[in-house]
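Some structures are shown below for you to check.
Consider the two complexes below, in which chain A is the common component and chain B and chain C are the respective partners.
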Partner chain A sequence: MSLQHPEVVRLDLPARYTYLHILSDCIADMLRQIDGIEDHEMLTYNMQLAAHEACTNIVGHAYAGSQSGNERIVISLALFPHPRRLQIELRDTGRSFDPEEVPTPTLDQAQVHGYGLFLMRNLMDSVTYTPQPGDNHWCLVKHL
Partner chain B sequence: MEMKTRVAGDVHILEIAGRFDTNTVPPVAAWLEQVTAAPKARVLVNLAETTFVDSTALATLVQALKRCQQVQGDLCVCSLRRPVYMIFELTRLDKAFNIFVDEEHALQALIS
Partner chain C sequence: MEISHRAMNRVDLIEVVGRIDAATASKLKQQIDALFAEGRYRIVLDLAGLEYISSPGLRVLIEARKRAREWKITDLEGGDIRIANLPPKIKEVFDLTGFTSLFEMYADTVEAVGSF
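Then we have the complex of A and B:
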């Protein structure tokens, strides 16, 4: 399909690891509609992994220790035709953090921690995080 | 995720089908912790049917590799799908792990 208009999908998920496959499925379904992508399998996987890592950061860190049961991840996935790109926005109401304080993994030696943010930054064209009390915002963009 | 385990000679083999991620890691981590406790533990993780690997899964494999090395054992992975292999390359974990194209080649290396 050649995209003429922006196509937007919104998800509002409980902040639990068990639901993150829904986001992966949604990304695959959206990208499946696009013609002319050079390496569809790799692109889909990379988008899925980057979005998944943002979610695991939210569940594992932003909402760490929260037990109200009302923790959510509000996600907007938008396919834009001009320039053709997938933009994934994620919002949470948990604790914010400073991405600059997260150490980059030392790639010369196998690490146990620190690959999440590294993967996001390397798999997407742009990754921004805007901390705000009660409304932290991730924005991931990949040109297609 | 579905995990199957078996033993070939003295090599403990783990097959993971489906998503290997934060949500599904606990039983895999528990099994790896158990088998890598033995002296000279030899472990093979077959990812032929693994469709998705995230950073927590990578960390789980790294921890198991380090435990194996501490007991003079070895941990190999085999049969990675292309996107999964690319993530190993991106993180340079392809240098840390012995990666084989299939189980047969991995077992040859582990048993010899």
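Then we have the complex of A and C:
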């Protein structure tokens, strides 16, 4: 099917790894509608991985130590026809961080941190993170 | 994620099937740490059944590789984590992160086990 209008899916999930498969399924379903993609399986895998890395960051860092049980990730997935792209926005109300302070992994030193952000930046065309008290915002964009 | 382990004379073979992500990476780490605790540092990971790996899984692999390589019998012989049967879509992630050049990779487990 060729996309004529933006298609948007919104999810409001508990910030737990258990529910990330819902996000994966949505990404796969949305990309399945796009014609003319060379390697569908690889693209879907990479988009799922990038989105999961953002969620892993939110669950493992933004909400680390939170015990209210009501931590959530609000996600908006949008498929735009012109220019054709997938945009994944994620919001959380947890602790923010400064992406500039996350070191790029140095393989020689077997550094163990920073792979999540590094992967996201390599898998997507654009990754922005806007920290704001009570409303941290990730925006991941991939041109298709 | 399912993990199975087979001990051979000099080498341990760990087969991983499914996903290594934030929820499951610790299970793989426990399996590898248990081998290290027994003084076994020559490990082959058979990843033919690996469906997905994210950064927590990559972290387990790189930490394990570092610890295994610290164990040396001689300058030429020591521990290592070697990989067999890496699926193509996972290889792309390895390429992106530089892991491809970091790990010795083999097309099958026989070759990987024999490399030690």
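Brief remarks on what is shown
Note that in this section the second predicted complex is superposed on the first by the 139 of 144 C-alpha atoms of A that agree within 3 Å, B and C clash if a C-alpha of one lies under 4 Å from a C-alpha of the other, contacts with A are read in each partner's own complex, and residues count from 1 in each chain.
Everything that follows uses one rule, which is that contacts are C-beta pairs under 8 Å (C-beta built on N, C-alpha and C of every residue); 3 or more make two chains touch, one makes a residue touch a chain.
All values derive from a computational prediction rather than experimental measurement.
In the superposed pair of complexes, A:Asp35 makes contact with neither chain B nor chain C.
Contacts of A:Asp98 after superposition on the shared chain: neither chain B nor chain C is touched. Shared-chain residue A:Leu49: touches chain B and chain C both.
With the contact threshold set out at the top, residues 17-18, 20, 41-42, 45-46, 48-49, 52-53, 56, 59-60, 105, 107, 110-113, 115-116, 118-119, 122-123 of chain A are in contact with chain B in one structure and with chain C in the other.
The part of chain A that touches chain B in the complex is made up of residues 17-18, 20-21, 24, 41-42, 45-46, 48-49, 52-53, 56, 59-60, 105, 107-113, 115-116, 118-119, 122-123. Residue ranges of chain C in contact with chain A, taken from their complex: 21-23, 52, 54-56, 58-59, 62-63, 65-66, 88-89, 92-93, 96-99, 101-102. Chain A meets chain C in the complex at residues 17-18, 20, 41-42, 45-46, 48-49, 52-53, 56, 59-60, 105, 107, 110-113, 115-116, 118-119, 122-123.
Taken together, the chain B residues at the contact with chain A in this complex read 19, 21-23, 52, 54-56, 58-59, 62-63, 65-66, 82-84, 86-87, 90-93, 96-97.
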